[in-house]
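Look for chain A in each of the two complexes below; its partner is chain B in the first and chain C in the second.
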Partner chain A sequence: MASVTLEGTSKKFGDFIAVRNMNLAIKDAEFVAILGPSGCGKSTTMNMIAGIEDVSAGTIRFDGTDVTNVPMKKRGVGFVFQNYAIFTHLSVRKNLAFGLEVRGEEQAEIDRRVGEMAEFMELSHRIDAPSVSLSVNELQKLAIGRSAIVEPSIFLLDEPLSNLDSAFRERMRSDLRQLQRSLNQTMIYVTHDQIEAMGLADRIAVMDHATLQQFDTPENIYSRPENTFVAGFIGAPSMNLVRVRIAERGGAMFADLAGREADAVALDERLARQARASGAAALTFGFRPEHLRISDQPGNGSLAAQVVLVELVGRRKHVHFSTGQTGFVGSFDRGVSLRPGEAAHVSIDLRKSHLFDPETGLRLRLGEED
Partner chain B sequence: MTDTTLPAPMPVEEQATGKLAQSRRSLAVRLLIPAQVLLVFIVAFPLIMQIFISLTWWTPLDGDPWYLAWMSWNWFDNYTYLMQDDGLWGSVGRTLLFVAVAVPIEFFLGLTLAALFYEGVLGRPVLYSLILMPMMIVPAVAGYIFFLIFQQTGPLNSALSVLWPGMLDVNWLNDTTRAFVAVVIADVWQWTPLMFLILFAGLMSVPEDQMRAATILGANWRQRFFRIALPRIKTVIAIAIGLRVIECFKIFDMLFVMTGGGPGVATESLSLFLYKRTFQDLEWSYVASIGITVLVALSVLTAVLMARVKKKDAR
Partner chain C sequence: MTGLILRTLAVAFFAALALLPISWMASMAFKPAAEWTSAAGTLTFLPKDPTLNNFRYVFTGNSPDQMVGLDRTVWRPLYASLLTAISGTLIAVICGTAAAYAVSRQRIHESIGLSLLQLRIFPPLAVMIPVMIMWSFLGMIDTWWGLALIYGIVTLPFSYWLMKAYFDELPREIEEAAIVEGCTPFEAFRQITLPIVASAVASTALFIFILNWSDYLIALLLTRKEWTTIPVYMNALATAASGQLYGAKAALGLLAAVPPIILGISIQRFLVRGLTFGALKQ
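The block that comes next holds the complex of A and B.
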């Protein structure tokens, strides 16, 4: 068991910066997901932690000890590769025993621990089968078991579920969570699938363009995104980000959608204070599709919008609205009756909405409690 | 084959009359005849001719054309003779010994080089082309190079005389054992690169992830090589060794230039033996009987091996 700390860690491939000045403090026995789109540097970050890639700048510490220059075979990490990297010329037993054999453990000890691990991973009935004959889920269990048997202090998993079909992924997700609990090890998990990250991780490190965007609990990542990237990346459908003009009329603060006074949203006290403090005339207004309400009568602070498109997604209905100048998406229970072309009055739950600086993309905040 | 040469399936009423079908089939047969005749001529004729000649005393020195060979018909005298021919069996034995010595050396040197290259040695691109160079030299020329090197006053002795002054007088190619060693050295020099090339290509095909996984599990260089890389390239190793055994068994040109099979018959391979019987002694009917014997022996061997492979696959 160990904590993992990255201090100003960077990786360059020639002129290309794969990871820029990464600061990350992962606690002991924590389950952390590194989440981001393809090419954001998440795998490189993981490879640096494992020692597969050198570090261009900065430090990596395990439990406070600097391991930046420790070669990968001495770091004591377990690594589950995306394609599992099973030794296909060996049997299940030989795969499990590999790490112990190369360490020169006693044969009796190897047999005992391989037996235990096979039992734990539910592979006992296939123990002498050639590993090529295993199914995908057995392969994954074998890959994890093979790493876990040498009792690494840190476990790294590189998109281990991306090869599975969606029904099976669901099951493996819960298996993985249980496994982490029972192994009680620090696990770092790279994925581009936000549902996986949200469902599994204690904390999520969101990356984009080689840079760490936010490192927080799934709840905070969802409800308090640090910037417009995180806001737009997390959630399906993602957060509506609309350009607004900030105007003060009659002592109240308004956000005019796309600069139109007719489509004004009266800001509540919190957002009004943030807008006032920023002093900016134009901001980005972010609100989640789940936080919209509709009525057929104009209400206090409601927007008049037209339904453009209705998508049925599982138990939800995703409705695309247009105000003429700008558009946004709402997500409702499938019971709601809206048809394309209809007019609707939409009100936004302002307590769950955010304002972002359009230049930097950062969320406006006044104090720590925001 | 049948799909392309026979007409497409016919409607039921045409099949019922049958006449048209028959004429089409006979057309197809007629169209195939020229190719079949050619095939018979290429494959069957030389074989039959060989068998025919091998059952006679015929030699071109008789002055008779080969089809009159029946006049010196001797049934199986050539075959009984070859069974007792020390010259033939000696050359077979020497060739087998040569294969048994040269190929393993080539394999271990090639594997060592491949392993070094796989782990990444300094100056890899330059070394790579240097190592492959011997393979590109015509064997006869390589034989000539080594013929010069192993002369009594050649560069090898000059170099050795610096270390051991007494060695200067040795004539490598005049002594039966030393000549054999010299020939093995030349073959190893020329063909280790091929072994290296095939094995290196094999090693490069080992998935990088597996090697990494092994490293992360704590395996050192040796363990990675012997536990992961080597078992994974078993087939490649079999191919490399198989190729070299076949090639080595047929060795001719290098020996012809370097030693001419000598001293005496110390380095006379099977190919060289056959060459001498054919072009020096002109014993063509005897050579034909050897050819047929080798063909039968190889056919039996191949059949046995194929049967084993099939059995293994079935398992």
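The block that comes next holds the complex of A and C.
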């Protein structure tokens, strides 16, 4: 069993920085997803952990032992590649047995474990088929099975499910989770699919532009994003991030949307304290589409807005609002009746909203537990 | 329907055009000396009086058709051709594959590929005359290894570029997967990469063998008598009594086509399997 620690790890390709000063402490038997848009450095991070890429600076430790300069053949990690990297000239059985044969296991033991893994991955009926004849779904299962069969204590998966159809992907997700639990492995999983990351991982490392943005539980990533990137990246539709002017009127703090006093949101105590502590005149106000409420009467602290566009997405209705100066999106139960052109009174759940520094993008916070 | 007929006719026409010299050669190989040219009367496509004398002549040096015997039979040039073409092919395929793999995988300067092409940029004579001088200086003229070496060198760019294209296409993840499982990089190359590119190596080898086998210019410049190859020997097939020995040449031409065909058939399994590289998502 093993923990994985990255300390100040960086990777440069010439002048291009692929990963910048990464600090990540992954606990033993933890399921961690590395999530980010394409080209953010998540695969490079994974390759450095596996030893496929050497690091330009910093340290990688497995269970406290420095493995930075240990060649990949000796790191003993399992790795499932995005393109599966199946040995096409070998049969399914030979592919599964490969790692065990390299390790010099007894033939009887190899046969037993190959049989078990084929059973678990539902490949038993294709066991002697040439691997080129498999379907994409079967290739996927074979790729995972081939790596999992040696029971590596650290198991790395690079976007393994991105090419599968959605029904099979759901199946594989739960199979992976089951595999990770049964082998008690440390699993690191690279994906650009936030639903996959939110559903599978114990903790998520969100990356953008070669830099780790936040490393936290799915719940915290969603409800307490570290900065505007995480706020905007997680959730569909993503969090509304609106420029506001902070003003104090009659002892109360207001956030004026797009600087217009007519579109003011009265801040609650927590947000008011944060705004006051920052001392900034302009901030970014972040609120999730799910945290809006609609009423037909102007209420306490509600905004007058016009409905611009209504989209039906599954059982939800995504409504685009405009105040004239700025716009935002709300997500409602599909029962809500709003039509383009109508006026609506929208109130925001301030307890679940955040203020961000427009310069650094960081979320304002007062204490550690804020 | 008419389209299909027209297309078939067009294909048949061009096929006939391409096959005409070959079939002429095949027919000529079985003609007695009197039928080689129109001197004896009319020139016919098929031999009127088929004979194996032309083959007998090149293999034994004597023929009932010919008054004068050949001072050299085909055996020695055949041996020379096989030895030099095969050795040259081995040199080019082994070195070219190794170089292509290294450049494709190790992020080595790719300019090596262009510098290999230097030999091919100039007209062959411009390159081969200096080589002849060097070979002469090194005492490698009219040796089988001197000829094999230059065959290996001039065909190296082909094997390098062909193999590099295959290696570039083969995802490195396949080897990385083997190494992550505990192989050394060399084991990964031998157990995984090489079997997967075996078909590519086979087709490259066939292509290079045919180039070497059919070379005339290099063998003409770098051999004298001991190690002349079939094309050079064929050109010299003439006697004072009969002039150019067309029938013997045709018989030899037919024989010279045999090794590439045998090789092609024996590696057909690799050639037709196609290059189904790495089971990838794409």
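By definition in this document, the second predicted complex is superposed on the first by the 370 of 370 C-alpha atoms of A that agree within 3 Å, B and C clash if a C-alpha of one lies under 4 Å from a C-alpha of the other, contacts with A are read in each partner's own complex, and residues count from 1 in each chain.
Simple rule for what comes next: contacts are C-beta pairs under 8 Å (C-beta built on N, C-alpha and C of every residue); 3 or more make two chains touch, one makes a residue touch a chain.
Note that the structure is a prediction, hence the values are computed from the model and not measured.
Peer 1: Should the superposition on chain A be reported as showing a clash between chain B and chain C, or a fit?
Peer 2: On the shared chain A, the partners clash.
Peer 1: In this superposed model, does chain C or chain B come into contact with more residues of chain A?
Peer 2: Looking at chain B versus chain C, the one contacting more residues of chain A is C.
Peer 1: Of the partners chain B and chain C, which touch A:139 in the superposed model: first, second, both, neither?
Peer 2: Once the two structures are laid over each other on A, A:139 reaches chain C alone.
Peer 1: Does chain B (first) or chain C (second) touch A:131, or do both, or does neither?
Peer 2: second
Peer 1: Taking the superposition as given, does A:120 touch the first partner, chain B, the second, chain C, both, or neither?
Peer 2: In the superposition, A:120 contacts neither chain B nor chain C.
Peer 1: For A:163, decide between first (touching chain B), second (touching chain C), both and neither.
Peer 2: A:163 sits against chain C, while chain B stays out of touch.
Peer 1: Out of 19-27, 127-135, 163-171 or 307-315, where does chain B collide with chain C after the chain A superposition?
Peer 2: Stretch clashing with the third chain: 127-135.
Peer 1: Let me check the overlay on chain A: which residues of chain A are in contact with chain B and also with chain C?
Peer 2: 50-52, 72-73, 75, 77-79, 81, 83, 85-87, 89, 98-99, 102-103, 146-147, 150
Peer 1: Report the residues of chain A in contact with chain B in the complex, numbered from low to high.
Peer 2: Touch list, chain A to chain B: 50-52, 72-73, 75, 77-79, 81, 83, 85-87, 89-90, 98-99, 101-103, 146-147, 150.
Peer 1: Which part of chain B faces chain A closely enough to touch in the complex?
Peer 2: So the residues of chain B touching chain A come out as 207, 209-210, 212-220, 223, 227-228, 231-232.
Peer 1: Chain C touches which residues of chain A in the complex?
Peer 2: 50-52, 72-73, 75-79, 81-89, 98-99, 102-103, 131-132, 134, 136, 139, 146-147, 150, 163
Peer 1: For the complex, give me every residue of chain C touching chain A.
Peer 2: The touching residues are 171, 173-174, 176-184, 187, 192, 195-196, 198, 276-282.
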